[in-house]
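The two complexes that follow have chain A in common; it is paired with chain B in the first and with chain C in the second.
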Partner chain A sequence: MRAWLPALLRLALLVLLVVFIASPGWFEPLLRPLTENGAPAIYNQGSLLTLTLLHLRTVLVATVAATIVAVALAILVTRPAGAEFLPLSRSLVNIGQTFPPVAVLALAVPAVGFGEKPTLIALFLYGLLPIFENALTALTTLPGNVMEAARGAGMTGWQRLMKVELPLSAPVILGGIRLSVVISLATATIGSTVAAKTLGEVIIAGLISNNLAFVLQGGLIVAALAVLIYDGLSAIERYAARRMGREAE
Partner chain B sequence: MTLRFDKLGVVIAAIVAYAAFAAPFATFRANRIVPGQARSVLEALPAALGTLLLAILIIGGIVALLRTPLVLRLAASVITLAALAILIGVAGGLLTPAGNTFARIAPASGFWLLIFAFTLLLADVLTRLDLSPSARVGVLAVAALAIGALLVSGSWDSLSILKEYASRADSFWAEGSKHITLALGSLAAAVVAGVPLGILCHRVEALRAGVLNVLNIIQTIPSIALFGLLIAPLGWIAAHVPGAAAAGIRGIGTAPAFVALFLYSLLPVVANTVVGLAGVPRAANDAARGMGMTDRQRLFDVEFPLAFPVILTGIRIVLVQNIGLATIAALIGGGGFGVFVFQGVGQTAMDLVLLGAVPTVALAFAAAIILDAVIEMTSTKRRADSE
Partner chain C sequence: MIEIEGITKRYNGTAVVDDVSMIVEPRTIAVIVGTSGSGKTTLLRMINRLVEPTAGVIKLDGADNRSLPGYQLRRSIGYAIQGHGLFPHRTVAQNIGTVPLLLGWDKDRIKARVEELMTLYQLDPQAYGPRYPHELSGGQQQRVGVARALAAEPNVLLMDEPFGALDPIIRTKAQEDLLAIQKRFGTTIVLVTHDMEEAVHMGDKIAVMDAGKLLQYARPAEILARPANGFVETLVGSSERPFRLLSLGRVRDAVEPGGAEGEAIPGDASQRDALAELLWTGRPALPVKGADGKPLGRVTVEGLVKRARPA
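After this line comes the complex of A and B, so read on.
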């Protein structure tokens, strides 16, 4: 019985989330007590469905870009030609992590204007770090005997990378992507302080008009999305790890 | 002798060439919100100084480009950064029309790119020098003193970000101390609550998954939502618990920000305590038990000292994260440097944004370097002790 309980809970959360986003009106009585002076209980300045989709799109675009750049960089610094960049890239990643997202967002505004672009830049920069870190760990800790065997089998550097190194690293890299997606989902809400169309708009509208129902629904949708996506990516990661014969952490 | 190129140096030299000759050095704006006009190095500085700066930049770029000794690269990066820092102040003074208090002179993209390029060179040199932890803190202190000296000497006073500061000096320090109180106070609370909770989770396996899952879910709630959601319960406490309002607990302001930062801080502290304690070698525990140590003695004399560097890593994550997150407290009236960031965004006054963002980044950066050094010192000390 224990085994299917978490799966059932997740399914219930997913159904609840989809129903809420599709027709939030049904939940109006639940949120009503949180409002004052007859303020609307359900966000009414735009559709929650559209905002959720835009939120997800922003995170997706930023994560895909971050994954490509981070993995390419990790590959570069683990090749003999780029090996001298390895220590520097480590320190840069460390330094990058100290920049607060709000600062990145606000500083990107003069360069690219208000809206979705500064959010994409901030999410991209934030997403880079965990993926790069994990890709680097994976590529530098490959089992020596496997690499030896690949070399012995006469594989070229490119073949080794595509057929041995990357597939073996995939589970750990996926772990980095999962971390980065969860961070981005939450950080994207801050993007609405510079007029990006994300679920943060709902939360900020709530903060401005002192409407807790807005804050709650915006926050809960993002949290539910994060939990579900985190679990989904964990499952993919376990599957990849099993296929590669590496134990998932 | 053949000349050999440094790979990173090629990148740095390319950035320097573009930034010094094709990008603006400073921008001039008639007031704080209008778009600015670009000024190149030679337009912003008198001919002699401008030529001197360009010469320094070219030499610095060449030192970076070629494979040169580390000492030379260190000198080139430090001298160039110092020249840039001093001359941008000179440019600010010269570009401001006499007696005009509305005009704003700000460093432009070329200046920032040059700073970036030579900081990259400096970072590369420092990484390659593989400094000891105390030396790294020393470098940080020297850099902080140099920047402090430039600020105190007034040579940057003509720059726009300091003009913003000049008109709000009092609130800058007030918000700054609020920011630090929020970040450090919530960290202290998280350590006081989180370390015992982590020990409990380590000892009682049944609790572990549950506690870590709840803390994980808290981390997924977006910060602005968590800050907002705490307004209601804290407002209720202030209204209904005697003495709470007198103790400063209010629905909006510092209290919800403090609680939100505390909640975010718990996961790294608890998780690292659990990981650190789990990583204590079985042999050490067995030996302690064999010596007849009680559970309590074992915890304080064996497990805790061995797990300390890992717990410290959790504290480092929390401190850097809290310094960044505390900027969001401004959205719910909690104060901190975020006040200037959000005011600046609202007024599209980027100098004001910088006034909030630059100290935040500097604080987070300094905290990361200092704690990294402490972590390295404790873990090498432990290794040295055990040998």
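After this line comes the complex of A and C, so read on.
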């Protein structure tokens, strides 16, 4: 396959996605055959653009929070002073992962009410593990002679962390963030069961009114977003890894 | 000057370095040799306090090395290690400028120093400065590692098997470069190696360590001629001993009056090289020429053989 073909496909997908979100009306004839009894083919209870942006915002907020907490936790437990908390933090983060997001939603609603909050909590808890595990792997497998050289050059603990450990860990931590974002993009749709404004609304509306066109357009937008963001983050990761003379995974 | 006084390091009650005392004179090279696990690296790492001793004192130019916080002490001491440990995410110029940057030198001074060192190490600053370490060959990476250690003009340079990962030809070149730079800057160097050949070649004095103890600390000729015990003798290698002894002397010092046929050997060459040349060509004597090309006399197989034994 030629080298430019994947890039071209992604560009085409991006253009298609943007056009569809901006003026879904143009695609009405395509989706029309999927509806019955003259039901609308394009989601009409809100703008797809607004829902997409809200969906992305929810994922962004949850991922940023999860990244900060997970990386901070990984840094803490890889310092000599925090080493004894390693097992504890591992199990805490694992619990976040074993809880099904639906259960988190069900438990969070009585505590914080309906809306975006319970979704953010579920996505945050769900996003922690991949980032934490990757950050931990990265910080504990740094090349020994590089760390030795950093100490020998007279860097303080803080300087070693900021100038050597985190930059060298960046590609692997980014890999964790990428996994977390893709999981969150898909999981955020469930948030609409507790009245969060996400693309899940479109899918749920389609399921309730037995409208396949709604389900399909909601699902496809989420899928396209996931593919594009995954590829974008992979590219950043590869760039960062290449600069360090390491092969990307 | 480095004064090591009664230094001991114990891990869980086992002494890794056991009551070692030695003095490294200013502007000299002390080589610590020993097998792996002899405690030589631990001893080296206690000088810049990457390892804190259990007992004893180390003084640098008269001052206890614990009078400064560890990280400040280490900024004033050069440190080069096996496999160089270059920062892969920083360019060659940034790598070399690491310690000056930590010391807060201004940009122009760092730039000037980096360029000086790169030129000294035959790396074009324009071509190699902006590259990343993985784009360099092994020999170039090693040179950048030593340049980084020397960047802040330290009085003391610690080296832990700095040539261990190099192939023999580049290794010889790197050793010559280091000797030239040591002469130029007058740096006091402590070098750790397991290679006796390297120790004899590089060291003004050699410290032989085994199982944490300093067995002998003396000039190379002394170590070769009068090894303190069986272990030192084994390390010296009885079959290599005469040749190593010869490698310490210059041809100039073995010159006898008279002339000989054939290509002349420079007076600066080692006596070992002269003997090798004589044996290989099957001649009894070689003419010797001075640095200016004038004949100095000759060296003979007999004369060199006498010198291959301790006096």
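Throughout what follows, the second predicted complex is superposed on the first by the 248 of 249 C-alpha atoms of A that agree within 3 Å, B and C clash if a C-alpha of one lies under 4 Å from a C-alpha of the other, contacts with A are read in each partner's own complex, and residues count from 1 in each chain.
As a working rule, a contact is a pair of C-beta atoms (placed from the backbone, for glycine too) under 8 Å apart; a residue touches a chain by one contact, two chains touch by 3 or more.
All values derive from a computational prediction rather than experimental measurement.
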Original post:
Sharing chain A, do chain B and chain C clash or fit in the superposition?
Top reply: fit
Original post:
So, A:G154: does it touch chain B (first), chain C (second), both, or neither?
Top reply: second
Subject >> Degrees between the directions from chain A toward chain B and toward chain C, using C-alpha centres, nearest 10 >> reply: 100
**OP:** Identify the partner contact of A:V194: answer first if only chain B is touched, second if only chain C is, both if each is, neither if none is.
**Re:** first
**OP:** For A:I75, select first, second, both or neither according to whether it touches chain B, chain C, the two together, or no partner.
**Re:** neither
Original post:
Touching A:F99 in the superposition: chain B (first), chain C (second), both, neither?
Top reply: first
Subject >> Partner touching more residues of chain A, whether chain B or chain C >> reply: B
**OP:** Kindly classify A:L125 by the partners it touches after superposition: chain B alone (first), chain C alone (second), both, or neither?
**Re:** neither
Original post:
In the superposed arrangement, which partner chain does A:N145 touch: chain B (first), chain C (second), both, or neither?
Top reply: second
Subject >> chain B versus chain C - smallest C-alpha distance in the overlay, whole Å >> reply: 22
**OP:** Enumerate the contact residues on chain A facing chain C in the complex.
**Re:** 143, 145-156, 159, 164, 167-168, 243-246
**OP:** Report the residues of chain B in contact with chain A in the complex, numbered from low to high.
**Re:** 7-8, 120, 123-124, 126-128, 217, 219-226, 228-229, 231-232, 320, 323-325, 327-328, 331-332, 338, 341-342, 344-345, 348, 350, 353-354, 356-357, 360-361, 364-365, 367-368, 372
Original post:
Which part of chain C faces chain A closely enough to touch in the complex?
Top reply: 48, 50, 71-76, 79, 81-89, 98-99, 102, 132-135, 145, 148, 158
**OP:** Give every residue of chain A touching chain B within the complex, in rising order.
**Re:** 34, 82, 84-85, 87-88, 90-92, 94-95, 97-103, 106-107, 109-110, 182, 185-187, 189-190, 193-194, 199-200, 203-204, 206-207, 212, 215-216, 218-220, 222-223, 226-227, 230
